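The structure under discussion is supplied below as structure tokens; questions concerning it will follow.
Chain naming follows the written order as A, B, C and D, and within any one chain the residues start at number 1.
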Amino acid sequence: MEKMKFTIIGGDLRNVKLAELIAAEGNSVNIYGFDKASFDVKIRQSNTIEEAVDGSDVVIGPIPCSNDNEYINAPFHSEKILIHDVFKFMNKNQLFIAGRISDKIVHLAQVCNVYNVDMLEREEMAVLNAIPTAEGAIQIAMEEMPTTLHNSNALVLGYGRIGKTLAKMLQGIGANVFVEARKYADVAWIKSYGYKAVSLSELTQTVKDMNVIFNTIPFVVLDNDILKMLNPECLIIDLASKPGGVDFEKAKEIGLKAIWALSLPGKVAPVTAAEFIKDTVFNIIEELGV
Amino acid sequence: MEKMKFTIIGGDLRNVKLAELIAAEGNSVNIYGFDKASFDVKIRQSNTIEEAVDGSDVVIGPIPCSNDNEYINAPFHSEKILIHDVFKFMNKNQLFIAGRISDKIVHLAQVCNVYNVDMLEREEMAVLNAIPTAEGAIQIAMEEMPTTLHNSNALVLGYGRIGKTLAKMLQGIGANVFVEARKYADVAWIKSYGYKAVSLSELTQTVKDMNVIFNTIPFVVLDNDILKMLNPECLIIDLASKPGGVDFEKAKEIGLKAIWALSLPGKVAPVTAAEFIKDTVFNIIEELGV
Amino acid sequence: MEKMKFTIIGGDLRNVKLAELIAAEGNSVNIYGFDKASFDVKIRQSNTIEEAVDGSDVVIGPIPCSNDNEYINAPFHSEKILIHDVFKFMNKNQLFIAGRISDKIVHLAQVCNVYNVDMLEREEMAVLNAIPTAEGAIQIAMEEMPTTLHNSNALVLGYGRIGKTLAKMLQGIGANVFVEARKYADVAWIKSYGYKAVSLSELTQTVKDMNVIFNTIPFVVLDNDILKMLNPECLIIDLASKPGGVDFEKAKEIGLKAIWALSLPGKVAPVTAAEFIKDTVFNIIEELGV
Amino acid sequence: MEKMKFTIIGGDLRNVKLAELIAAEGNSVNIYGFDKASFDVKIRQSNTIEEAVDGSDVVIGPIPCSNDNEYINAPFHSEKILIHDVFKFMNKNQLFIAGRISDKIVHLAQVCNVYNVDMLEREEMAVLNAIPTAEGAIQIAMEEMPTTLHNSNALVLGYGRIGKTLAKMLQGIGANVFVEARKYADVAWIKSYGYKAVSLSELTQTVKDMNVIFNTIPFVVLDNDILKMLNPECLIIDLASKPGGVDFEKAKEIGLKAIWALSLPGKVAPVTAAEFIKDTVFNIIEELGV
């Protein structure tokens, strides 16, 4: 890829690392929205949004883009940054990439004639993000369990991207891996990869012997009926986005330890997460022929 | 599942084993079309198609169902079996399951009022069949190569069902696994599983160092341009259905060994293949609520 | 094995769990030295050492047996327990098992006519203990590194029990595993298991690219010359018992993060550690034909 | 390593490949005893033993060195080569390396003042040779079994070098791996690597469910009592050197298929075997400081 000019505006530690990574490959990088951040390498902070955006090929925003649809999500900045202020300085040859760009922001972009891509809608990004998510889940399990994961019975609910990645790592550490899935084809894959397939109807029996359960399904699978079958020592780690997959109140009542672990990539492995963002951004650029 | 009555008509060693497996689970099994086959367990051969089909819940035909759209594919039978003769004795409450049921046969079934399902169109069947296919490919590689697969450079072209299963097994034996894929999401999965991802543009360079190449893509990837880059000792195993993925004539000209290995499940592991057919048949029955 | 009578005297959380595990298998268990511990199951605490030891087949002490060669290591007890007080109530048909029984304690046992076995000198115990040690090391690495272990470069120094176990788990999570070993046979095993073998002479070059280094060799391998070659972000985890394998002062000077992680089994997985103690104790009993 | 002069005298396909490999690294190579062999690269065949040996640093013989203690094992030569004729032209600064050098040959070497090393007594050679042995065993199992190894029950008798390597590969293909071992420490390792440990006393029960049994123990473990417990479909592959580990007569009587597979490295992967010989030869040279 030819060297390009990037602007990075706002975001958490991942965007700090992203700026460093993109600069390290010889690209020009302007940043704005990081007056409280410290960088390992020298990167010049722009004084104004206009200066930051000027002449740039690609403007990269945070994940998520905004928490209120009005201001850029910029935890490392002491002042607020209006999304509109970013868009108004961008021209139609520039590309805006961020994560979770809401309908309202998309609308604003259209009004401002800003071409935008949501990186979280990229399949490869979701696949790659499953890696730090799975590792983060394993770290939590290791911290919380009084036994080793090795030779423990570990159940993964759901066989999507996170389920697949987590099952493989758990097997790699030596756990006895059970995976719950509904589709016949998923069950076939589960057998093919050497895990024990658990159907929904077998769930109530299977959970009894589990030492740890990881949920990846975004609706309440672990309801009262299932929870009361669990071994009291069984740890529950919920990786599903809202509304989550656990009846946390019931779990507490019964005395089960249940942890809702969200947004792990940015927390447990910001540098790796930044690398994956970079890869995805470059894929988008290549595909669009920017 | 409740015990049911099955009829198995025609087919190769897989259907012989299938009959034994279904009977072993306590179901009633009539067979027809196996007068030259030998069975490990006692299964009564029906004298006529009518007798075989009478009172049955499910009639299972071969894979492929027919080679000429007229007669049942029945290599173990001394006489020819007209598909129409099977269909005419079936009633509309009976289910016909076979593999690769052509449009012409589907039409005949409709005319005869026979409800039919093609098991090869079932996703789980394709996933499961990838297991004996991959093992068969590995067996051939072991037989043909003067080196071990362990520590060899093995390239898998394509990351579909066979590519995924094969890559995992090759890694399990200790090969250095390279996988060629185009989609960004596939490349992400390839990295996630620990293989080396090879893009189409890198292919020419990568093939130079390979000891064995497995193709799973059904169009000619290994054309003259790629073939002439190969190490002369490199073995090629083509697993793709017609037209295959190798310019076999060119390969021969250059002096490369290229093997086109088709229909491996029935050849290398008929018993396992029969088990997978049974699983799929039972899934179909469960889904249809027969 | 026939049911027997056990006494457990002193020790940390592992001995608490051990008492529960042995009782759960239907054996009689007396405990002493746990007045501050809480047990998940009901186990009667003896009032005196004499009462605890009386009629017992096997008396199990802590790991390590003592920190001063005079008192039993009993962190859960409010009073001190003289080793001599334990031995004097034991008869010659009773067996004393503990971990790290010093020469001085062995001498005392001989004087008191107490047959004793050091469980840490059992090969299987050391092999099993490597499992929680390796998992603990991985947990620390996950907590400390800003990247995933997946796809990181991880170097293991030494290929003994911990090195072997750790290398396998790291590979299972998806790290690129390098192992330093000297013996030709070890190098052969390292290749056989699919890790990259690093000889002592290659070490200086190899360390440059590492993201994490785990040391298992009990002498200073990571001295100033090696340390200054490391990437400043590289994490060092030292698992070697005294004197350890890292020049910690130099590491600090250079700005490298180095963690000396000792006695991991009891810390990260006391229940698993207790199971391994139980297995080993039962092996000793079986071997001696107690 | 500095470039050296090698002589290769006699041996099978492995020594043919060995000559090519050593020459490919820039060393000078004389060969003798291959008048019926064809080489992929140009290597000059010496006309006489004297010419072949003259000026050489290291003389490499075959594996095994001889079948009768008198003549060099030279299947590719049309004439017989007396061991004594080789030794008499060697001087005391030259090193003779071969495999399985009998006491009688050692004695002859001493008489002739020839310094000799048996490469089969090198631990690393034995470890490396376990790789093609295990792969060869897997190839045979794949060829003979009507099921896939994936998801089959595979029992490995013995946990030495071959047992370890084979267990790992079987697991990598997706078999359910059982390993029989006696020592407590081996049982611990077996659990650590994720196989199911089988003690001698459990063997009779375990064998019933096996689809394939690999023996590596050089005494008759699979005697009449065990054999009659086996499933009639169970395949037996014996990898143990004489007297082997199977009562083959009884097996035949019962109708069990039992294959005695010896000397697999040279048969299934001569090129890899040659590489391992080369590595070992170079290790010997390095150690001796030749």
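In this section, contacts are C-beta pairs under 8 Å (C-beta built on N, C-alpha and C of every residue); 3 or more make two chains touch, one makes a residue touch a chain.
The chain list, named the UniProt way, goes like this: A, B, C, D = Dipicolinate synthase subunit A.
Values in this document were obtained by computation on a predicted structure and should not be read as measured data.
J.: Is the number of contacting C-beta pairs greater for B-D or for A-D?
T.: Between the two chain pairs, B-D has more contacting C-beta pairs.
J.: Could you tell me which chain lies farthest from subunit D when each chain's centre is the average position of its Cα atoms?
T.: A
J.: For subunit A and subunit D, what's the span in angstrom between their mean Cα positions?
T.: Computed from C-alpha means, the inter-chain centre distance equals 50 Å.
J.: What whole-Å value do you get for the distance between subunit B and subunit D if each is reduced to the mean of its CA atoms?
T.: 36
J.: Residues of subunit B that touch two or more other chains: which are they?
T.: 131, 150-151, 168, 174, 191-192
J.: Going by the contact rule set out above, which residues of subunit C touch subunit D in the complex?
T.: 122-125, 127-128, 130-131, 165, 168, 183-185, 187-189, 191-193, 280, 283
J.: Quick one: in the complex, what on subunit A touches subunit C?
T.: Listed in rising order, the residues are 17, 131-132, 135-136, 138-139, 142-143, 145-151, 168-169, 171-174, 268-272.
J.: What does subunit A use to touch subunit D in their complex?
T.: 150-151, 174, 191-192, 194
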